[in-house]
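Should a chain be cited, it is by its letter among A, B, C, D and E, assigned in written order, with residues numbered from 1 in that chain.
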Amino acid sequence: MPAVGIRVVGATLTYRGDIVFRDLAVDFDPGLTSCLLGPSGVGKSSLLRMIAGLAPSGGRVMGSDGGPLAGRIAYMDQRDLLLPWLRVIDNVTLGSRLRGTRADRPAARALLERVGLQGNAADYPRTLSGGMRQRVALARTLMEDRPVVLMDEPFSALDALTRLRLQDLSAELLAGRTVVMVTHDPFEALRLADRIYVLSGRPAELGEALLIPNYPPRDPTAGGLAALHHELLDRLKAADAGSEPERRPAARRHAAGAP
Amino acid sequence: MPAVGIRVVGATLTYRGDIVFRDLAVDFDPGLTSCLLGPSGVGKSSLLRMIAGLAPSGGRVMGSDGGPLAGRIAYMDQRDLLLPWLRVIDNVTLGSRLRGTRADRPAARALLERVGLQGNAADYPRTLSGGMRQRVALARTLMEDRPVVLMDEPFSALDALTRLRLQDLSAELLAGRTVVMVTHDPFEALRLADRIYVLSGRPAELGEALLIPNYPPRDPTAGGLAALHHELLDRLKAADAGSEPERRPAARRHAAGAP
Amino acid sequence: RAETLTVMLDWFTNPDHAPLYIAQEKGYFNEQGLTVELIQPADPNDPPKLVAAGKADLAVSYQPQLYLHVEAGLPLVRVATLVATPLNALVVLADGPIKTLADLRGGTIGYSVGGFEDALLRTMLTRHGLALTDVTLVNVNFSLSPSLLSGQVDAVIGAFRNFELNQMDLAGRPGRAFFVEEEGVPSYDELIIVAQRERVTDPRLRAFVDALEKGVQFLVNHPDESWELFVAGRPELDDELNRRAWAATLPRFALRPAALDGARYARFAAFLADQGMIAAAMEVSTYAVELPWSTER
Amino acid sequence: MRRLGFLLTFAGIVAAWQGLVSVTGVAPYILPGPLAVGRALVLHAGALLGHAATTAAEIALGLGLGTGLGFASAVAIGYLRPARRWLMPLLVVSQAVPVFAIAPLLVLWLGYGMVSKVAMATLIIYFPIATSFIDGLRRTEPGWLDLARTMTAGRPGAAWACFRHIRIHAGLPALASGVRLGAAIAPIGAIIGEWVGSNAGLGYLMLHANARMKVDLMFAALAVLAVLAVALFVAVDATCRRLLHWLPEGLPTEARTDWEEQR
Amino acid sequence: MRRLGFLLTFAGIVAAWQGLVSVTGVAPYILPGPLAVGRALVLHAGALLGHAATTAAEIALGLGLGTGLGFASAVAIGYLRPARRWLMPLLVVSQAVPVFAIAPLLVLWLGYGMVSKVAMATLIIYFPIATSFIDGLRRTEPGWLDLARTMTAGRPGAAWACFRHIRIHAGLPALASGVRLGAAIAPIGAIIGEWVGSNAGLGYLMLHANARMKVDLMFAALAVLAVLAVALFVAVDATCRRLLHWLPEGLPTEARTDWEEQR
């Protein structure tokens, strides 16, 4: 499976006169993990959906090899989107069911074990907690085994330790693939990303990528990353200030206390 | 509005033979903010639902004054639960609509402005991003103006800076009320809580409360909190180790890198 | 080898169909080398259509309707008569305010859509100085007696004298009948049997009518035994109303089913044409025949 | 464009009808061809329109009443436990009762006027509407109810407030399904009502035409009824969709074309 | 406990009926009392059972076929754009056609046997099933479809796979509503089917009894039909719920009692 990057050219997205993107261009390098940060509602999910072919791009979205991305993408939505009529194990193997191929159940079970749900394979989604549902959705995405993986806040409902474990798991299983991950956690971005992008403004623009050295997963508290951490926080603050100037209430003074 | 605490005695909850709580007892002190942490699936949401009267308690749930809590609680679910047929502003004022009282729309608009959604009052929920939906749900909870407020991961879908602002907003508006908040972010807990509880094990047990000095919101990186931070991380690690011993895969070695 | 003939009744089995059932039960059809299948429709308008379309061999229908059918282009001819007098009557409550038809002015008359109740009523009312516009007509479908008994209408037309009168009697509210043929309507055959026009030379039809004649003969000769035969395999028919209707119908069956009174048919055609129900009276031979006797069996 | 599509569909149906008549060679007194029916339509246009107006009024009233009654029964059954026990079996039985069985009763109580026809149409329409809505009420997202429960807990009328503001709204899409269905069967309801007793309406006209072997007129009346039925259905469908604009809806291939409006 | 409730309901209905008869003083040839009907039930038990068996067979076949056809039409209409244009208006029109207009056609093509009756019953049952299911297919959570689209993108048959594995499952609750409704109207479907021409079945018996003003026998047949209808409805309802166990369902006051099973 050769790595394939993502090329977006001239992406334009309008919701009832509200311009989310105008002429956005970005390349996500093959085989690397890119993290996407930015204020809530700026357009991160929309960009991911555009790449996945779920929203109209207005321009062109293609692989770095010039071919279409359709069929080469695994997509994890911001919501878990588990199918209520399927057991956990069947939700995890949904892809092969849809494609009419034989489901690799042992692999699915192994994956469920690695996300800590070995006991829940036969449960229906409605009996799971929020974090457990998200872990099932993660397992389903990892089962897809595609060269391009798009993940929209994949760890948002998990406690800190489970989150670390699953970050590691993702890094391990997705090594060598082109990953675009939306996250709100700068530590997570520093831990997993090769490139970090901050999306800001309306229409939204992507700042220059922040290049992170070494292979993920990293220890974000390690010395070398401190400068990058500061740089990232600065960019986020700039994005926050730039995105919707009128929406800053009295609470601003606390922003300085960011971790 | 005098502050009223929460007293849970002998709480027992079983899902098809799976014992989530057995004989759990806890007091949440009046007027204080308690944060609840613990591994995914341990029972945090269930405890909150029990207090809200949405799950059978098996034992007794009451106010610290001995009275019932019904009618004195504002509850924010882990999901946003926005009603798709109501505009944002009407979702925020849902409480008064349900109670047949006049909605205080100016207050709702002010609150929407403070959560950064002043431009979206007339939108329908389906046009909002995940984080925007969560902010509407938060505004709806804050509109309720109740002495006891239960919040289940209220900021999980927000970017770091918006999150800080809304933490401050909540701390400001909920000062003097009894708040129980589920969170996965130790910083958030240290920033907002007067008491931190870690829920662990099956049946789940609540460890002793970690008492946090000073009034929230705090800067969790401030010197005095470092020891408490370490203590909290230790407890979380213990909870993680204790909760489901068989579910730890190879990724364990990274756990040490927790922020 | 027995040949099957499909015969559609005009409606659910009732004493009006007695000759057919007696011929069937006594084996007269079989004697003629026929196997007859009697089919009950729920809508009296269907059997002529189905015979015309070749889906059934014979159908029980009504002489007045025959003219409408033929005019509409259905290739049908009458080949036999089952009931040789009108059964239709205008019925009112015996203890009601209507003593003569003249009392109907301003009243409501219920009918079960038969197709020519306007013509009948117009004729009957005209003799009493009334026009159709002096009464209100309302379609009551199959609820003739109930609508009369419940006082929803003042009279009903389309009631069968052998039937509705007994029915009302049994319900404890006897009726009074005004017989159509006594009120200016030319007499006609209530129930006839029709076949497709091209089939009149089919020897099976004559064989069928011959068997029918034997059925009628047995019926009038042995009314009680016939009743037993009629209800033997049909317990749902065995009740007081049918018993009475049976007796009331006996004198009205055509004793010579095949016989055709051509002038009588022409007279009724003229009546209908006069009433504007048909454009013009057609030649009798085009819609009614006496089946030829055939030697070839 | 859409009007063209409509015309095309119509032309297609007429062509299929003509084809059926030609191929099966069915006699015109059983199924007349479109030409004969068209002729009858023109010839009897006045009468057809008059009777159509009567039937349309019955349909409209029946649909209105049926919807109202169905809504009310569903609310009663959904909200009141005893109503569930008593009303539900009654409703089911009411569906199994053939008209002719209760026609005398209907007529006895309501007379031969429009009322009995409207009653008949109402009776037929109302069950689909009631049960669809009940199903909708049953399937309300439990989370919304939980939320509403905490907001109203401890107040008198809390259960009703949750029912009224959450369940009823959440059930509206299902109600719309029921009303749409009701719109489709309302015409037959009116026709059956006219069959029981009438002196006007398309059903009355059809009975008469049938008895007089004016099959082309009967089918002309049927055609008018069909147009009425489709028009009603389209109108009700459009209204329901407009009212439920918040509902994500769509079928394959539609989705791709209207990004702007959808979701 | 539940059986007792059943009996109570039944007794209540009979009592209400007797009350109605006593209070309105309606003549027995219009609405007989329960006693007279009970007598007729006993007297004609054999005939009633025989005819009931015929009708039950028609109902079962009609419901089975109607469900199958409704399912298939809904899938066709939901999946194929052209089917939407052509089939849907046809379906709506099919509902507006009174039996007596097409009975000769049915007999011509299908004969007098059970086939034409089952066809008629099927026609009546199938529309509610088809439109309910279509509505269910329309209202599939768009997120699920998006997910499925990314999983199948670029493959032949992707659209069908999404339709089959996502939409159809997501539409099953709505289908269940339709089938439940179909079960409630199946008896009348069979009765109307018997209108096409028959010599057996409860509908035949009722028409027959009606024409003879044997109103007690007619109502006895009606009672048998009602029992059949309720039994069928209850059975179908239970089956649908079992099959859709994953669906959160419930009505007020139920929710409080069965925490363990629910949600």
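Quick note on the criterion: a residue touches a chain if its C-beta (ideal position, glycine included) is under 8 Å from a C-beta of that chain, and two chains touch if they have at least 3 such contacts.
None of the values given here were measured: they were computed from a predicted structure.
**Q** Which chains does chain C share as contact partners with chain D?
**A** Of all the chains present, those in contact with both chain C and chain D are E.
**Q** With centres defined by CA atoms only, which chain is the most remote from chain B?
**A** C
**Q** Could you state the distance in Å from the CA-based centre of chain B to that of chain D?
**A** Roughly 48 Å, centre to centre.
**Q** Just give me the whole-number Å value for how far the CA centre of chain B lies from that of chain C.
**A** Each chain reduced to its C-alpha mean, chain B and chain C end up 84 Å apart.
**Q** Where in chain B do residues touch two or more other chains at once?
**A** Only 15-16, 79 qualify.
**Q** Residues of chain C that touch two or more other chains: which are they?
**A** Where chain C meets two or more other chains at a single residue, that happens at 43, 45, 49, 53, 142, 146, 150.
**Q** Check each residue of chain E and list the ones that touch at least two other chains.
**A** In chain E, 30, 100, 104, 108, 141, 162, 207, 210, 247-248, 263 touch at least two other chains.
**Q** Flag every residue of chain D that touches chain C in the complex, lowest number first.
**A** 26-30, 100, 103-104, 107-108, 111-112, 194-199, 204, 207-208, 210-215
**Q** Going by the contact rule at the top, pick out the chain B residues touching chain D in the complex.
**A** For chain B paired with chain D, touching residues are 49, 52-54, 68, 70-75, 77, 79, 81, 83-85, 94-95, 97-100, 124, 126, 144.
**Q** Using the touch definition up top, name the residues of chain E that touch chain A in the complex.
**A** Counting only chain E, the residues touching chain A are 141, 143-144, 146-155, 157, 161-162, 165-166, 169, 172, 246-248, 263.
**Q** For the complex, give me every residue of chain C touching chain D.
**A** Checking each residue of chain C against chain D gives 43, 45, 48-49, 52-53, 65, 68-69, 71-74, 108, 110, 113-116, 136-143, 146-147, 150, 152-153.
**Q** Once bound in the complex, which stretches of chain D touch chain E?
**A** 5, 8-9, 12-13, 26, 30-31, 78-79, 81, 84-86, 89-93, 95-98, 100-101, 104-105, 108, 127-128, 131-132, 135, 137-139, 141-142, 145, 159, 162-163, 167, 173-174, 176-177, 180-181, 184-185, 187-188, 191-192, 195, 203, 206-207, 210, 218-219, 222, 225-226, 228-230, 233, 247-255, 263
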